[in-house]
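The structure's right below; bear with me while I get my questions together.
Per-chain residue numbering starts at 1, and chain names A, B, C, D and E are given in the order in which the chains are listed.
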Amino acid sequence: MQVNGEYKPLIVAFCCNWCSYAGADLAGTNRSNYPDNVKIIKVPCSCRVNPMFILRAFQRGADGVILCGCHPGDCHYTSGNYYTRRRMALLFSMLNFLGIEKERTRVEWVSAAEGAKFAATMNEFTEAVAKLGENKRLEDLRCKR
Amino acid sequence: MQKITSEALINKACELLENKTVNRVLGWKVGEFAYDITPALFTDCDSLKSDFVFGDFCGANFSKYLVSETRKSDEKVLVFLKPCDTYSFNQLLTENRFNRENVYAIGIPCEGMADISKIKAAVGDGIVGLSSEGDKIIVDTLYDGKQEIDAKSVMAERCAVCKSKKCVAYDELMGEEGEIVDSNRFDEVEKLEKMTEDERYAFWQGELSRCIRCNACRDICPACTCENCVFDNPESSVQNKAISDSFEEKMFHIIRAFHVAGRCTDCGECSRVCPQNIPLHLLNRKFIKDINDFYGEYQAGAEVGNRAPLVDYTLEDLEPGEALERGAEN
Amino acid sequence: MKVSYFPGCTLKTKAKDLDAYARKCAEILGITLEEIENWQCCGGVFTTARDEIATKLSSVRALNDAKEKNQALVSVCSACHNVLKQTNYAMQTDEEFASRANNYMQLDEAYLGETQVLHYLELLRDVVGFDKVAEKVVNPLKGKKIAAYYGCLLLRPNSVMKMDDPENPTIIEDLIRALGAEAVIYPYRNECCGGYVALENPDSAKEKSLKVTNSAKNAEADIILTACPLCKYNLEKNGADIPVVYFTELMAEAFGIKEDCNA
Amino acid sequence: MQRIGVFVCWCGSNIAGTVDVQAVSEALKNEPGVVFSTNYQYMCSQAGQELIINSVKEHNLTGIVVCSCSPRMHEATFRKTAAAAGINPYMVEIANIREQCSWIHKDMEIGTEKAIILGKAAIAKVNLNAPLTPGESPVTKRALVIGGGIAGIQTALDIAEAGFPVDIVETKPTIGGKMAQIDKTFPTLDCAACILTPKMVDVAQNDKIRIFSYSEVEDVKGFVGNFDVKIKKKARYVKEDICTGCGVCTEKCPMKKVPNEFNLGMDNRRAIYIPFAQAVPKVATIDPNACNMLKSGKCGLCAKVCTAGAIDYTQKDEIIEEKYGAIVAATGFNPISMDKFDEYAYNQSKDVITSLEFERLTNAAGPTAGKLLRPSDGKHPHKIVFVQCVGSRCESCAEKGKEYCSKICCMYTAKHAMLTRDKYPDTEVYVFYIDVRTPGKAFDEFYRRAVEEYNVHYIKGMVGKISPEGDKLMVRGSDLLNNKQLTIDADLVVLAAAIEPDKSARPLATMLTASMDTNDFFTEAHPKLRPVESPTAGVFLSGACQGPKDIPETVSQASAAAAKVIGLLAKDKLTGNPCVAQANELMCNGCSSCEKVCPYGAITYVDKEFRMPNRTTAIRRVASVNPAVCQGCGACTVACPSGAMDLNGFLNKQIIAEVDAICK
Amino acid sequence: MRKEIENLQNEIIRISGVNPRKCMRCGKCSGTCPAYDEMEYHPHQFVSMVESGDIEPLLNSKSLYQCLTCFACVDRCPRGVEPAKLIEAVRLAAVRKQGQNHMTANDIPEKLDEDIPQQALVSALRKYSK
């Protein structure tokens, strides 16, 4: 994403309601700073995230997509994040197979207590994506204004 | 190349029609050109004798046709299944896509199908006739008359790396029981994995940008039997659109491959029917290879009722980050 | 039925009778023991060190030989059997070891533990069947109380040997019963006789061996039965006042062919 | 088209300090669907909520977006506000511009810009929101307790106490479970029967409780509040309502050599039997595998001696169907088999016994009438060795032992050791241990008493091998603290066998769609905060089926489970979460992918007739979600290849709209 | 020095394939060992001493040559630690050093008696020398 002629990566973060969204809230409560480029979408569980959503985000110009859920074993729905883990392992591997930089996609387990980890993860991920530059490979140019 | 003859199949079909085991037969018949074989439904012996063929261009996988065909009547339909078709057959049964009772399945051996584009590359255009004799294919062309070519050299890629000559589902088996083959079907995928991200991107850009979004790959795919495909569904936000540019077709193919991941039996029909000759099967094979590497060997359709890897998990599954790291090591 | 046969060094020297009875009895049971050509000594013990290749190659050669003939590999000596089975297991499960061994061997086709390794006792139980063995008995050993002595090599490590319950085995007792004798169960039947430590510390071996023989005698056994020349040596050398006999000899006796064996 | 109102909260200076709230409400005014936009100091205050209510009325709003703190904080508040204003509570979306914006950014420009984007995403979602109504389902006010041990008994009594009917299903002919076999209980050493049997009688006399003894759960259908259960009442060949439990038949029966399972096979019972004197129900049962009459039609003695006429050789298994609102699993535990541990000679010597067998040997109602005698020769043992952790904490081979600590063995071994020394001071007692684990009230003191007052010899180390020699058991083990190998010539060896869940638990879990861990213990909904609930709504856990437990723990968990059941049964109707999955039947392929990933078993399949081209019809298998069971995780929506499965409140198109709004 | 110990420790762990950290200190190996009385360091001590890096005393102990490799400890260990393999690795670390063979062919004649089976000689040489 270009902002005032300057490159600023756009990050979409899908966070599960029970752990990671609460972790993000805690990061806020602790006033732990992380880039404003990160925009969070709340889902009930990481397993609600359809690969379609991720591709859509890239299509519309996101530069990186990160999925956050409860740690394996701690899923509010007992097994949702285990499915997430399989789906995303395969999807990310496929995206990389198509030549998409592997740094653009990430899954991170963040608990409701890990506000600091949430902020650190977002800082780190944004930085890694920023290094790659703009996402051109997955972008649909028609969606550009 | 094929050892089993049309006559044998016709006789068997006639016998089953006559003794009322079945009332119709799914089979192949010649289309506009000798190599242009199309699926057809036969209901009597006479039409079978005049039109039914089986040979080196009968690649079509009939499993998918059973979904709609079995709904038409409660009487049995006869279907001939080559080894790779039987895997799709099982997978569709696993997904409850048709009623097994309504089908009489005959497993037939397959020695590998020919790829018409390879033949054309060898003999040029204007093919008017084709016949096979042992390991040779005799091609009659408009311009150069009859030419003889080695059948192996024009075998379809999917057959050259055939994963199984064993029919895993049938009511009756004709010919010999084959075996599961130790093939090197992942070689192409591995080659791509060894490239850099940039090289891979360039490769796929070259391939996928040719896509015309004709949907043939989806329409032929035995795993794509959805009542209503997401690409036809206006509510899905990915409804079919004319192809435009760099991403649309990629998104289509990724989503399609993901939707069939863990269910794809690697029958290779997608690549066979692609009018643009895009090696679409490589996407499916990548998923199959990853599934094998990450979660243990899995062959969709090997048995009815197997739990597909994407609706399963173990507590020790690898993390997506580790999956990407493994990719990077290649 | 034909199987590959690995006699081992001791069966060619000090334990010729163990070998001779085994061959003759196999004949009676319709099994042909085809001696592996150019076999080399297994080394007596399996080295558990994962980085040692050379000490295991003779076993790999024998195993591969049997593989090429598409036969199971049978041995009578407990030690040989233990070494062969452990080596085979390493070839199956330790990828690094297997690739190094294969690189060294330069075979046309890599050996990856395909051969089935059988102890002669397993051959009797699983291939022939003890009921068939019993059918061949002409001279039932009625009234004899016999104590099976397993020692350590036949049963352990259980994860590899998978021969019988390592703590409460029955395979030799079942053979004894098939031959018409009475099997005596005693606690030291799966304890070590002292093995090769006999050379290093004869007192230690003596103590171990005495525990075994005393245990068998307390159980009122007339005979101790073994499959291992070293066990036999240790028990006899260390004051066993009870006969220690190879199981093949007992079998030959029951089959009524003991005299024909030239042992 | 929605008519959306946007309400931007200042949260005092919490938001307004870093976000230009005026600019945000201005910017969002022009978004599609928005007809009104404003900002206010504290939107969650009474005045703020009134502002919303009035605006709804004034502008005929159909949807509300509140840009404020986290929805985890005030989503419920604003949903109530919406309801008060007369619109569906699920037409409200929150843009989190405090925790995820103003609190983490310092620059007003950046904060404002991000707040606007978050607002736009919320607006995009509300545009696609639809009113949702939570489903309601009635509650059958009856509970089922599976298992009649102390856990099941306590749970049933507590539920009945609250006035709800309860049924107990027990596979054995009597309730009582393992506790009935135990002699004394630690750490107080009161007699187990003295505290258990009154409870068993309470159960029998409670008119709210029915006991289905000698019965099994055959099938479970339905969901929380509405379970349909089939119970198989096995034929006991004795009419339960007529038998008086006089016991004459059990004395006259000529089949005397049937191993008595209550005494773990250490003595015999008859083919017709009452497991023990205080059995509940106190009714005889004929063992069909031992009874001559049932096997060959010859005998019939019991029928002749029964003055009540209760014997019925023609009795058949009976299936009882009943509806329940809640189900409690209380299937308990068993000691593992000692077959794979024959280094301890369990199969080679009668004098090597398990701790449960020891309980029977010391119990006054046991095979030796409470005298501690060796099973082999009936002599009094003078040297006893106890071996702890037999099969517990055993990782080397899964088919052998259990990786976990069985938790109760340290304490009962101390109890056995102490009682032995107390009753038979001439007996030497040794305990081989790896660690002595005694966390619990008065537990460590108890163990120390065994050592200090009763002079039980605790040896840190493990037994390697036990050799029966003559009438002695030579126990060879290590004494790690003295760096010695010991051989003890014991008369009796007692093995503290690991415990494992009862074998009936696994098939039951499948019927209940309740999840289990790899050891076949039931999993709890949350290991800390919901320890007595299964993740499957309406299924609760009581006792050792959830993990190894001693009696006090079992009883407290049993009461906790009862409290949860009572809480459920006290409701007339269950209100669900309306954000549940729903299947579009027209698009569903019936492929079962969704069913396979559903953690709750909320998805079933129905055959439906559909119109097909050319005026034909076809019957297709389609998914159907039970909204009362679905918890709304969404796993099914992604597993579904056709997109037939969607999640209310988080529809595919809603999430995509959010993505689009953020990525614009 | 520390580095050296670590190297030796890693070497022993690598050769044996044993993870001494799996040990839960139950002592069953030593409780079951038939050669216990001949040993100065017992099987459980081998495990804990290798784990703590206290390997030097083991290398110099005659305990190394008393182990019968009877695998009783391997089979009975509840944690799958396999002490006999560890002892073998320590012994190899000792005898593989130049000139450190514990028994050589020259030592054999005096130990020989008429009946001793070949098997005993090859085994002993394999165990005690490199």
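FYI, a contact is a pair of C-beta atoms (placed from the backbone, for glycine too) under 8 Å apart; a residue touches a chain by one contact, two chains touch by 3 or more.
None of the values given here were measured: they were computed from a predicted structure.
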Q. How short can a chain-to-chain path be from subunit A to subunit C, counted in steps between touching chains?
A. 2
Q | Graph distance between subunit B and subunit C, where chains that touch are linked | A | 2
Q | Partner chains shared by subunit D and subunit E (touch criterion as defined above) | A | C
(Q) Can you tell me which chain lies farthest from subunit A, using the average of the Cα atoms as each chain's centre? (A) C
**Q.** Chain centroid nearest the full-protein CA centroid
**A.** D
Q | subunit C-subunit D separation of Cα centroids, rounded to whole Å | A | 51
Q: Provide the C-alpha centroid distance between subunit B and subunit D, rounded to the nearest whole angstrom.
A: 47
Q: Using mean C-alpha positions as chain centres, tell me how far subunit B is from subunit E in Å, no decimals.
A: 59
Q: Find the geometric centre of each of subunit C and subunit E from their Cα atoms only, then give the gap between the two centres in Å, rounded to an integer.
A: 24
Q. If you look at subunit B, which of its residues touch at least two other chains?
A. 230, 236-237, 310-312, 315
Q.
Could you pull out the residues of subunit A that touch at least 2 other chains?
A. 51-52, 56, 79, 83, 87
Q | In subunit C, residues with contacts to at least two other chains | A | 159, 191
(Q) Judged by the touch rule stated earlier, which pairs of chains are there in contact? (A) A-B, A-D, B-D, C-D, C-E, D-E
Q: In the complex, go through subunit E and note every residue touching subunit C.
A: 14-17, 34-35, 37-38, 65-66, 68-72, 74-75, 82, 84-85, 88-89, 92, 102-103, 108, 111, 113, 115-124, 126-128
Q: Flag every residue of subunit D that touches subunit B in the complex, lowest number first.
A: 518, 586-593, 596-597, 605, 612, 616, 618, 620-621, 639, 641-644, 652-653, 656
Q) Within the complex, which stretch of subunit D touches subunit A? A) 70-72, 96, 98-101, 103-106, 110-111, 113-114, 117-118, 121, 515, 523, 525, 535, 579, 597, 599, 631-635, 637-639, 647, 650, 652, 655-656, 658-660, 662-664
**Q.** Sites on subunit B touched by subunit A in the complex
**A.** 189, 192-193, 197-205, 230, 236-238, 244-248, 250-251, 254-255, 257-258, 261, 283, 286-287, 290-291, 294-295, 309-315, 317-324, 326-328
Q.
Under the stated contact criterion, what part of subunit D meets subunit C in this complex?
A. 340-343, 345, 347-348, 397, 465-470, 474
